[in-house]
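Letters A, B, C and D mark the chains in the order given here, with residues in each chain numbered from 1 onward.
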Amino acid sequence: MVEIFATEKVKKYYAQFKSFVEEELIPVELELLSSSWEKTESVLNTKRQKAKDLGLWAPHLPEEKGGMGLAMMEFAQVSELLARSPFGHYSVNAQAPDIGNMELMEKHASSAIHQQFLNPLERGEIRSCFSMTEPDFAGSNPVNMGTTAVLDGDDYVINGHKWFTTAADGAEFAVVMAVTNPDASAYARASMIIVPTSTSGFELVRNIPIMGDEGGGYNSHAEIRYNNCRVPKSNMIGHEGHGFALAQERLGPGRIHHCMRWIGICERAFDLMCQRASTRVLSQGKTLAYQQTIQNWIAESRVQIDAARYMVLHTADKMDKLGAKAVKAEISGIKFYVANIMMEVLDRSIQVHGALGITDDTILSFWYRHERGARIYDGPDEVHKKSMAKQILSNYTA
Amino acid sequence: MVEIFATEKVKKYYAQFKSFVEEELIPVELELLSSSWEKTESVLNTKRQKAKDLGLWAPHLPEEKGGMGLAMMEFAQVSELLARSPFGHYSVNAQAPDIGNMELMEKHASSAIHQQFLNPLERGEIRSCFSMTEPDFAGSNPVNMGTTAVLDGDDYVINGHKWFTTAADGAEFAVVMAVTNPDASAYARASMIIVPTSTSGFELVRNIPIMGDEGGGYNSHAEIRYNNCRVPKSNMIGHEGHGFALAQERLGPGRIHHCMRWIGICERAFDLMCQRASTRVLSQGKTLAYQQTIQNWIAESRVQIDAARYMVLHTADKMDKLGAKAVKAEISGIKFYVANIMMEVLDRSIQVHGALGITDDTILSFWYRHERGARIYDGPDEVHKKSMAKQILSNYTA
Amino acid sequence: MVEIFATEKVKKYYAQFKSFVEEELIPVELELLSSSWEKTESVLNTKRQKAKDLGLWAPHLPEEKGGMGLAMMEFAQVSELLARSPFGHYSVNAQAPDIGNMELMEKHASSAIHQQFLNPLERGEIRSCFSMTEPDFAGSNPVNMGTTAVLDGDDYVINGHKWFTTAADGAEFAVVMAVTNPDASAYARASMIIVPTSTSGFELVRNIPIMGDEGGGYNSHAEIRYNNCRVPKSNMIGHEGHGFALAQERLGPGRIHHCMRWIGICERAFDLMCQRASTRVLSQGKTLAYQQTIQNWIAESRVQIDAARYMVLHTADKMDKLGAKAVKAEISGIKFYVANIMMEVLDRSIQVHGALGITDDTILSFWYRHERGARIYDGPDEVHKKSMAKQILSNYTA
Amino acid sequence: MVEIFATEKVKKYYAQFKSFVEEELIPVELELLSSSWEKTESVLNTKRQKAKDLGLWAPHLPEEKGGMGLAMMEFAQVSELLARSPFGHYSVNAQAPDIGNMELMEKHASSAIHQQFLNPLERGEIRSCFSMTEPDFAGSNPVNMGTTAVLDGDDYVINGHKWFTTAADGAEFAVVMAVTNPDASAYARASMIIVPTSTSGFELVRNIPIMGDEGGGYNSHAEIRYNNCRVPKSNMIGHEGHGFALAQERLGPGRIHHCMRWIGICERAFDLMCQRASTRVLSQGKTLAYQQTIQNWIAESRVQIDAARYMVLHTADKMDKLGAKAVKAEISGIKFYVANIMMEVLDRSIQVHGALGITDDTILSFWYRHERGARIYDGPDEVHKKSMAKQILSNYTA
C-alpha cells in the first residue's frame, strides 16, 4: 500500500482482496486457463458467489447498485490485487469490457436501458461486449469507420464489419459504434447503439485466433458482421453523433483500469522471478539469486513497477478530483509507459525461469502472449506518444 | 546474397530455394500450423518429395549420402531462405534436432548404427530426438545431470527424467545423455546412447504445453521418463565419458544453424513490416510508411539484420576453415546477439501490424511465441555472455 | 507542484524560488561557467545576499540556525527548482558537499566544533569539503581505506592519499575519513576528523581535470595528500570507529539531494528541448516539433521525469516520517533510476539541438559532461542495484 | 584483421601502423590534448616526418601523389588502427576535413588549383577547412542556405555566416558552399569555391566552445563571417550549381571515414575496459572482471564492434567495386549504427573505470565529449534513418 493513498476503505479491504486472490484464484488459475470456457465459467460462478458473500462485489459500482463505491484511486489499488491472477476482475464483476459498458450506461443510458440491460449486467447475470474496432480501418485513427446505422422508422438498421469485439461469444448484447450522421464533422458522425446478440443479422464470424488461441466465451475476441441488424431507436446510448465523445469518455477510465491491471501482473511476475531466483540452484549451494544480471533485473523491475504505480495512482487521484479531461496527457503517458514496463518485467521473469518460463506450467507464458496486445489496444504506444507530445508542445509557441 | 560469400553452389541454388519456399511453403504455412501434426505431416511429405525431385534435399549432408555437400558458410545462406517459412528446414530434411543427430552420428557412430539409425534418418524415413535437458538441474550448468546409464552385462540400463526433448513424439529413437562414469571428473561423466522409443520403459509423459500449445509430432517438446530402459552397449555414440565433449561438438554447429534460421525469420518479419507499412492507410492517402517511428524501425531493423548476417557468415566461414573450436567465442556472440535481434524485429513487425499482428492471420504471432525460447535454449543469453567475456578476459592479466 | 506534497511552506516559497532562479541565475549561468572561480564567486556573493534578503537562505537548516526549516520532502521540491541552473544551490548555501557536512556536524559534532566550523559554514562565510574516496581503493567497497589517523598525545596524525575531494580548493576545512582502529571489525575501523586546510602537511596535489576541465574553487575536485597532518583529538566528529556509520547516515539524505537536483536538471533540459523543437524550422513552416521521433522523445521524457519525481518525493516523505534506514532500498533505487533518466533526457535534448547542443551556447553540454559522474559517485549504478536486490531477495528464502 | 578483407597491402602495413600508433602516439596523447595547439603541432610535425620515413604517409592518396594508394576497403582497416589515438590520422595527413577536400579537389579542381592548393595540402604543408553548415538553417535540410556568391567581373563576392567550420583556425583556405544560382532548382543552387583565409573580409568570429573547450588550430570548430570576400572565378571547384552534388559525393566516403575511425575508438575503449576490469581489485583477490554486469558489457561490446566492422568493411568494399551511389542506403545505415555503438562502448568503458573514467587521466573522457557530435554531424541519426527507410520502402508499393 502507498501510505499517502491508503484511505480508510483501501485499508479495510486490502487484505481481504489479497487473500481472496491468493486463496481462491491463484490455486486454480492454470487449470482454468487450460479448460473450456464452459468449465471455467462454472468454477468462476462459485468464486463470484464467494466474492459477493465477502462483500467484495463490483468495487467500481456505487453502493446503491450493490457495489463498493470506491473512488478511481481506491479502485486502482484493489484492481492491482485482483490482477495478480487472470480471473480476478471477472470474479468480482469488474472485468473489461463490461466495466466500461457499466460506467457508460450508468451515466448516459435511459432508465429503460438500465432496466433491461444494465441492472442484470451489474448483478453479473449477463455479459456484454463493445464493438468498435474494424479490420478495414486503422484503429489509431478512430474517425474512420465503415459501420453504419440508418434510421428506418423507429429502428436503426445496422450494417458493418467489426473485429476484436472482446467477449462477444456468449454476451447478451453489444454496444456498437456506428455512423449515424455521415455528413457531420469528423468527430460527430458516430453513435453508440445497443444490439442484443440475439438480433437477426448479428453474425459472430469467428473467435479470432490470437497468439495461437481462439479462446471461447468471455476469453475471446470476435469478428462480427452486422447484417441489417434492426434495433429500436431507443437502444441508443446518449445522443446521436455523440459516439466519439462517449468513446473518449469511456477510454479514459478504461486506460486507467488497464494500467492498474498491468501493475498487478507486474507484481505477480516480479514475485515469481524472485521466488525462482531464490530457489533454483545453479551450482553447489548457489542459486540464481547470486547472479548479478538477475540482481540487476530485480532492482530495475522493482523501481519500474513502483514508478508505474505512483504514476497511475496520482493520475487516478487527479481524475477523481478534476475529471478525466484534466488528465488526458497523463493517461496517454501511463498507457504506453506501464504497458511497456509490464512487457519488460514479464520478459525478465520468463528469462529467469529458463525453459520453465516458456511452458504453461507457470502463468507467465499466458501473460506474455495475451498482454502483448497491451501496447496496441486502446491506442498503440505511438499514438499516445504523439498525442501527449502535442499537448505539451502546445504550451510552446514558435 | 552477400557477394563475398556467394560461391558457385550458393549462386546455383539460391533462387531455387527461394522460390521453393515462396511457392510451396508460404502459401500453406498458416493452414499447416493450425492443423494436427498428422495432417501437416502428410502435406509436408509431398513437399519433401518435391524438394528431392528438385535436388534440394539435405543441403548439409555429403553428396554421397544423398545430400548437397554444402559447406557451413554455404548452408548458412540456404538456411536463411528455408527459415522464411516454419517448415522450410523440415521440407529438405535439415530440421533440428535431426540435423544435429545426423552430424553427430556421421562422425562418431559405428557402422552398425549408421545402418540401423542414421541412413533411414538421412533418407527422411524416420525422425529422431535429443534428450539432454532435465527439469531438476539448471541447463546452464550442463555438468549436473540426474540420468544414469548403468552397464549390466552387455546392456546399459537407463533411468532418468528429461524434458524439452524436442520432437520425441513420433520419433524412432532418442539420443540420450546419461551419466555412465559418476566418479570421473565433471566433464567426463556422461555418455550418449541411442534409445529407440519402442524400448520398454520409455515413457513419454506429455508434450509440454509451451506458450499455450502442446503441439504434436515433430512440433512438440516432450517430458520423458526413462524407467529401466535397457539397450545394447553398442548403442553408444562415441566413447564412454565423451558425452559432454560430443554435446559441445554438436552445439557449436547447432547454434550456427539456429542463427541462420533466425535471420531468415528476421527477413520475413521485415518484409511483412514493410509491406504492411506501405499498404495500411492511416488517413487520406497516407500509409503507415509516412510515420517516422515506423521509418526508424525499418532502418534500425535493416541494419541489425545485415549486421547479424555478416556476423554469422563470417563465423560459419571461419568454422569451415579452422574448425569449431576456433570460433567458440564468436558462436557465443552470435547466439545471444542474433536471438535478441530476431525478437526485436518480430516485436516491431507485430507493432506495425497493429491488432492484426497478434492474431494468427499472419505468421508473426507464431514466431513471437515459439522463438521466445531462442534466448534460452542452447544456453541462455547470460551464459553465453559470461562465457564469451571470460575468453576475452583471459588475454588480460591482472 | 505535486498536489499531494504541496504543503503550506512549499506553496509559499515555490514561486519565489522559481523566479529567483529564472531572474537571477539563468541569465548569467553561461557567463559564470566560463569565468574563473574568483569572478564567479564575487557574482555569486551578490546572489547569496539577495537570497538572504528574500528569506530564501539555507532551506535545509532549522529556523533557529537561520534556515527555512523545510522537511526533506519540502526541500526536495525547492531543490528541483534550484537545480535548474548550476549555481542554484550554492546561491542559497545548500550546495554539496557543505550541505552534507552541515547535516552531519549539526547532529554529531561538539559545541566547540559548532562554534569554530559549523556556524560560519551555515552563515556562508566559509566552505568545506569531504575527503573520503581514495584512488587506490575501489570506492564501491568502502570498507577498504588506506588513510590512517594515529593518536599521538592529544593529537591525531593523519596520513593518506585522497581524490575526488570536491571543492577542497579554497575550503576552510576537510572532513576526513581515516582508519583509527585498524584491528576493529570491517565497519568499525574508520572515524571522521576535521582537518583545516591550513594544517601543515595538507597538500592539494591538483584539481583533477574532469571532462576537460580542472575547474577551480568551489567548482573543482581535488587530489590531496595528507602528510603527517596533526590535528587535535577534539576535531573528531562523533566517536572513534563510527566513521562508516556516519558516512552511511550522510549518504542517505545526500543521495536524495542529488536526485532532487537531477530532476531539476531534467526539467530544464526538457524545457530547452521543447523550446528548440517549437522554434527550429526544418523546412517551410515546419519546425522540428512536427518530427515524430522528437515527439516520442518529448512524451517519453515527460513520463520518465514525472515518474522520477514521484519516486523521489515519496521516498523523501517516507524518510521524514520513518527515518533513513526505512528507505535504504528506495534510496538505492532512486539513485540509479533518476541518474539514468537524467542522462537520457540530456542526451535527447542535445540531439534535438543539433550542432548547437554540443556547444557551450546552451547549458546542456555542461551537464552532459559534469553529470556523467552521477552514475558513478555516491555508489555506481551497479552497486545500488546489487544492494537493492539483496534487500528484496532477503524476503525470499531458498 | 578480417581474413576475407586482408589484401596483400593490408597484411603488409597492418603491423606497422599498429606499432606506429602504439609507440609514437598513445604515449603522448594525453599530454598533447592538454597542450596548446602550437605545442601539439610541433610534436606532431615530428610524428609526420616519422610516418613519411616509414612509408606510412597519406594512405588514401594515389602513389603518384606520394600516398599509399589504398582502396577504400583497405584504408578502412588502416584507419581503424590510426583512430586508436586522437592524432593518428593527422600524423599521416589523412585527417578530416583535409582528406575530404583532397578527394574532392583531386577529382574536380583545375590544375591551377591543384598547383596552388591541393599539392601543398597533400604534402602536409598547409591545412584547409570546409565551410558548409550555417547557424541559421537546419543542417539536416541542406537545401537551405544563406551564404551567397555573386559574380562581379571575374570575381565571386561572397557573403555569409557559417559555423562548425572545423579546423579553420590556421587553415590556408576554406572550401565554401555558397548559393550562386538562387533561381535554379533546389539542388542546383549552390557551388563550391575556394576562399583563402587571408582574403579580406574573411572573419573568424570565434572558435566555438564545444563541450567546454574552444580548442585551437586544427583542434577547433570556427564560426566564420564572409564579409564581401572577393575571390577569382577560377577558384570554383567543379561547375556552377554543382555544389550540392559535390557535397553529396564528398559526404559518402567521408561518412565511411568517420565510421572507420569510430571503430578504432571502440577498440581502444574496449581494450581499456578489459584492462581495467582485469586489474582493478574490488575485494580480496577479486577484480572487477568477476562482476557479471561487466562481463555482459564486454561480451555485448565485442559483438557490437565486430558487427560494426563487418558492416563498414562490406560497405567500403562494395563502394570500391560499384561506386558511392550503390551504397547510399548502406552508408546511412552505418553512419547511425556505428556512431551509436561507439557512444555505448565509450559509456561502458567509462563506467568500468569508475571515477577515473570521467577524469582526463584516460583518453575516454576526451572521446565521450568530442564524439557525442558523431550522432549529429554529417547528418543526425534521425535523418539517416528516414533516408534509409525511404529507399527501402520505395521497393514496396501501396
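The rule is short, and it goes like this: a contact is a pair of C-beta atoms (placed from the backbone, for glycine too) under 8 Å apart; a residue touches a chain by one contact, two chains touch by 3 or more.
Nothing here was measured: the structure is a model prediction, and the numbers come from that model.
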Comparison of A-D and A-B by number of C-beta pairs in contact, larger one: A-B
Remotest chain, subunit D as reference, centres from CA atoms: A
Euclidean distance of C-alpha centroids - subunit A vs subunit D, Å: 53
Averaged-CA centre spacing for the pair subunit D and subunit B, given as whole angstrom: 43
Rounded Å distance between subunit A and subunit B, as computed from the means of their C-alpha atoms: 38
Subunit D residues counted as touching two or more neighbouring chains: 291-294, 296, 382
Contacting residues of subunit A [partner subunit D, same complex]: 291-293, 296
Residue ranges of subunit B in contact with subunit D within the complex: 2-4, 274-275, 277-279, 287, 289, 292, 294-296, 298-300, 302-303, 306-308, 310-311, 314, 317-318, 321, 329-330, 332-334, 336-337, 382, 384-386, 388-390, 392-393, 395-398
Parts of subunit B lying in touch with subunit A, wherever the complex brings them together: 34, 133, 135, 138-141, 144, 163-164, 208-213, 280-283, 288, 291, 293-294, 350-351, 354-361, 365-366, 368-369, 372-373, 375-377, 380-382
